[in-house]
């Protein structure tokens, strides 16, 4: 940051140059990741990275106060706020990057490139060969300098931004707050109501029917083997995060049958080595053949026993 | 600085509009009287202007000039020359009659029980006064920008007058009438707006040119004319032509010149007769007036350049308008097309660029205003009686309502410019003025005289003469209010026809000045007679020729 | 004295104003007011006449400038009167005959509830006609010219409830308007040529104008004259004009208004003299019309239409004479005056006959009226003798002179014109005899009118007969009086000038020839209508007769050549205006609407699309700023 | 090196952010891109303040941050509410701007 202290210099220290080139590259990459990642979380994280780098650049430019604020407020508060919302709305909710609007991508690219070029051209036009650093500006300390300005020259703007912040906070609360109009219903009332309606009188079926996956995001299977959405938490349903495993069980059955056929076909040693196992499988196989439901439950119990 | 007379002439009607609009809904009658009162005050002021105006005096008189928008050199500049005074007088004279004629046009319909908030009556008269104020100020403005503003603002009240207070006697279903009316109003607005916007571009262009060449941009007519005169300002001919066209287009729409005329028949047909008079006799005059004051004086070269084309368009208007008038079945549309033909004459006279032509054109504006007012208002009375605008619904009115028929005939005769009535003089002057520079055009234009006779007499014959139709048998003759409206107009027609000199004296200097700006001289007669006058002929009456005026024919 | 001239016009004008604006309260005495003012005007005229006689031959002309009328630039028109011998002649004729006809109308219009207005119109006519002949410049003359047109319009269409009358009035006015175009163009030409259109300077300095100009002016004036005086080709209105009340036909369409054309040409003599081509045109028109009118007059069964044809032909004589130049002017005017007497008398007689025959106009339904209305018979008879040029009566003197002058024109032209004039005289004799016989001789052929009441022919009241008698006296003696040692010639010469052409035939020869053709004409008529009874319904007749009944197809021609195309043109234009001119505009509007409809598709509601456009917009803005900087 | 490069970088980041706003559908990511743009601006401001040698640029940047914070708070609140009502955070689903 020595460059910052030099008055009316025409170039900065090589250190800063190096730092600029390295971190600048990373910042750009971060920015690109922000807009290209499929998952919002990743975007958020890469953006946070970019911001931190920017904070460093602020410091490099002699804006010590802002640099800190950048890290604390932005990276620390705002980005976290983002992450919270992402969590609320769905961590894994990744919108497909497939463009729905016709020609949107091309237009965007076109405008982007044109815009960037023009902007750079503009900067290039500006004659900024020599520049005077923040030497005397920061002589009394950067924070004091800012404070002097904020509380004298920009005091009204400052007050108004304060008002703005309050308003924003209130607004956010108003928007997110959901007014509970009536008293929460007790369990008894709920059960009575269920009985009155007559739909799913017992509690909702639990998800995760197999021993192998008893996670909450796996729907239980109905007798005909189709998954029942009902068993999955509404939020997950909302995010469309339901893993359907009904198919793979059938696939496994098919695999088993083949294997048993092979086993029945020719008895070699290496097959005999796993004979006991095979036998049981066979038996279940037949059982499975006539009554899938029992088989399912048996397998389940067995899974539980494991 | 003295009392701002010109401002007053514009402010009074504006105040009148406000006052009229402010009259509580219940007192409809009061509103009418208020409006009438203010219009009469305006008339008085206009009379003062007329008296204070000295024909021999300066070019612009009673001038007022205040800085308005300094940054753009826009000034609040008023001033009247002879032409403006004449038209100012015309406006001030016509408005009271228009108000009187429209006395019941905005009343609640019979049977309809108006609630307490019902105030169209107030609105109607307020709008009329508003139009008057704007017309007056656009006659007085000598600052192009100021003029433009009111030239455009005029459209707003006119739009509401046409669209809001249509002719109830359409002889059609209510919604049919309503749709026709709104169509007419929108058409009127769009046409004039289009013209106005093109003009706006030209106005801005003018500012750019002046700012470019004079250092400080200005809209002041006098300054620009001055600058041209002493060579500080000389536009490139292409620029000048473009600007001229921009201005002319707007004015040509306003004073309907073929082929920009189609809005007029709709507007006049659908609006009530007084509003129709307001359109054709007052508002449209602004267009022709502006041609004289702005087109010619700001862009003399371009005017000369465009003259042939414009003359031809004017000729087409004359013949075309007359022929279409003959072909009409609707009384009001017929009068509208007749007006188109007359506007053709006016424009012809303006661009003939001769003293007679332009003087005649100016007189024509006044006379046409009065004559059309007379004819149209009587037609309006007729239509309200019978409840139909179609010519074939009438017949033999002359027998049941002789006075109405008589006034209608006089209005018609004025329209066909019968000698002895005012329009004859102006029309003949226009013809002579045109003929002396463009003989062929002059001759073609005279055909318009015959056609005029055709459409007027056909109209009169079909409506007034012949066996009495059953529907008109019980038609009452003109009432006192209606006579009060028509009689003065007819008297005015006759007076101006017999003794136009005072008017001519006011107009002539202004016309001469305009021509001097355009730098055109009247063509000399080929074999000028040495001593025009009687003396060479009969030595007897040396003294006689002077002690005139005591003789008869008064 | 000069100021009296103004009064001359003012008196009837005042009458018109009173009667037309007076309202019903004047209904009772309106006709007296009108007549009184007409008479007053006549008295003033007489006084002026006396005064004029009192002065030397060459300073008889009076001039009075009332006020400056239209002063615009070099264009100066005054309301100024000029009273010279020519004007004086007309003044006396107009006011005199006019007054008589006012008196006549008192009786004739007795039963009409709109009599007051009738007299108002008559007074208006007098004023306009006087203005016409007193004006000292062409523009003021134009005012009178159109004024009489208006009066005739109002009077022809006086019985407006009759569609035929209304149509006839309109036709008259419009045909006259065509003529007026000629007059106005002539005035413009004068203005551009001489810088003025006051008689005196124009007519004195005619010579320094190019002949082409003068010819143009002359032809235009001729056109005007044709319109007003019902000369070929603008003659078609006169026949229909008979729809008006008979006094109107007598005053306007026989005695005064229709002769305005003759006045115009005579007054502008100087112009025609220096434009021989124009003169040729004039005489041609005159000759053609005098035959045309005569032929039409032969075929008509409607007594008034027959007389109208005769009027046309007589005016043809006058125009012919006026076209001959100085040889003819005087006789043109002279014939005009005498014709004013006898033709007015004839019309009044016809009116009186109709009055007695409850408004029957078909001569084939008259017959043998002489014993029922003797006074009418005698006056009509005298008028008849006068018009056919019976020796010693007015017509003889004037017409004979015209024929003489026609021959005196010299060359083949002279022969042709003279021959035409002679032929015209023969035909005149024929058809007038025909009228006479059909009306007053033969057996009764009366039929009850559609109302079913048998006509009871009776002599008209004295208010009607007295004017007839006076006019009869005039038609007997006027000619002789005028010719008495060429008093009339001497009287007019200072104004019009006069010259004796070199006639190839002696005056006596011409007179003899006239007598011969006269006898032939009468004899033919007698042979056809006198000896054998006349059928009530007209026989089909020869092709010429049928054509003549239809006014020699003039109306059909106009209809085909002008009216029909005009109607199609207007209809077409109405369509064009609605579909094309308006359509273009509406089309544009529709186009814009469609375009905006397309553009509306861009507003797909997706925020990101808008974002792109904003993005692009920002880029454009930057580009603009950079460019501005660069420039 | 000349600090102008910081400006170039800012321009680049800004453009990227803008492009992101245009191509992403997820409202949250959209907001992130907006933040990116704001930060780019801040960087530019700071650089300017350095070039001019006074602190006003930093002040502006500071205000920008504050405003950005407010904006994010409200914006995210809106997103949450919308998500509650229609279980989606995609901006394309809210194409109600079309008549």
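Chains here go by letter, A, B, C and D, matching the order in which they are written, and residues are numbered from 1 within each.
Criterion: contacts are C-beta pairs under 8 Å (C-beta built on N, C-alpha and C of every residue); 3 or more make two chains touch, one makes a residue touch a chain.
Keep in mind the model is a prediction, meaning the values are calculated, not measured.
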| item | value |
| --- | --- |
| Subunit D reached from subunit B - shortest hop count over touching chains | 2 |
| Between A-C and B-C, the pair with more C-beta contacts | B-C |
| Where subunit B and subunit C are represented by their mean Cα positions, the distance between them in whole Å | 36 |
| Whole-Å separation of chain centres (CA-atom averages), subunit A against subunit C | 106 |
| Inter-chain centre distance, subunit A versus subunit B - centres from mean C-alpha coordinates, in Å | 76 |
| Distance from subunit D to subunit C - Cα centre to Cα centre, in angstrom | 94 |
| Contacts with two or more other chains, residues of subunit A listed in rising order | 101, 104, 107-108, 111-112, 115, 119 |
| Per-residue multi-chain contacts in subunit C, two or more chains | 604, 606, 608, 612, 615, 618 |
| Multi-partner residues of subunit B (each touching 2 or more other chains) | none |
| Residue ranges of subunit C in contact with subunit A within the complex | 604, 606, 608-609, 612, 615-616, 618-619, 622-623, 625-626, 629 |
| Subunit A - residues contacting subunit D, complex | 3-4, 7-8, 10-12, 14, 16-17, 20, 24, 27-28, 31-32, 34-35, 40, 43-44, 47, 50-51, 54, 57-58, 61-63, 65-66, 69-70, 73-74, 77-78, 81-82, 85-86, 88-90, 93, 95, 99-101, 104-105, 107-109, 111-112, 115-116, 119-120, 123, 126, 128-129, 131-138, 142, 145-146, 149-150, 153-154, 157-158, 161, 164-165, 167-169, 171-173, 175-176, 178, 238 |
| Interfacial residue positions of subunit B with respect to subunit C in the complex | 190-191, 258-259, 261-262, 320, 323-324, 326-328, 354-356, 359-360, 396, 398-399, 406, 413, 418-420, 424-425, 428-429, 431-432, 435-436, 439, 442-443, 446-447, 449-450, 453-454, 457-458, 461, 464-468, 498-501, 504-505, 508, 511-512, 522-534, 536-541, 544-554 |
| Subunit C contact footprint on subunit D (complex, rising order) | 18-19, 21-23, 25, 91-92, 94-99 |
| Contacting residues of subunit C [partner subunit D, same complex] | 603-608, 610-612, 615, 618 |
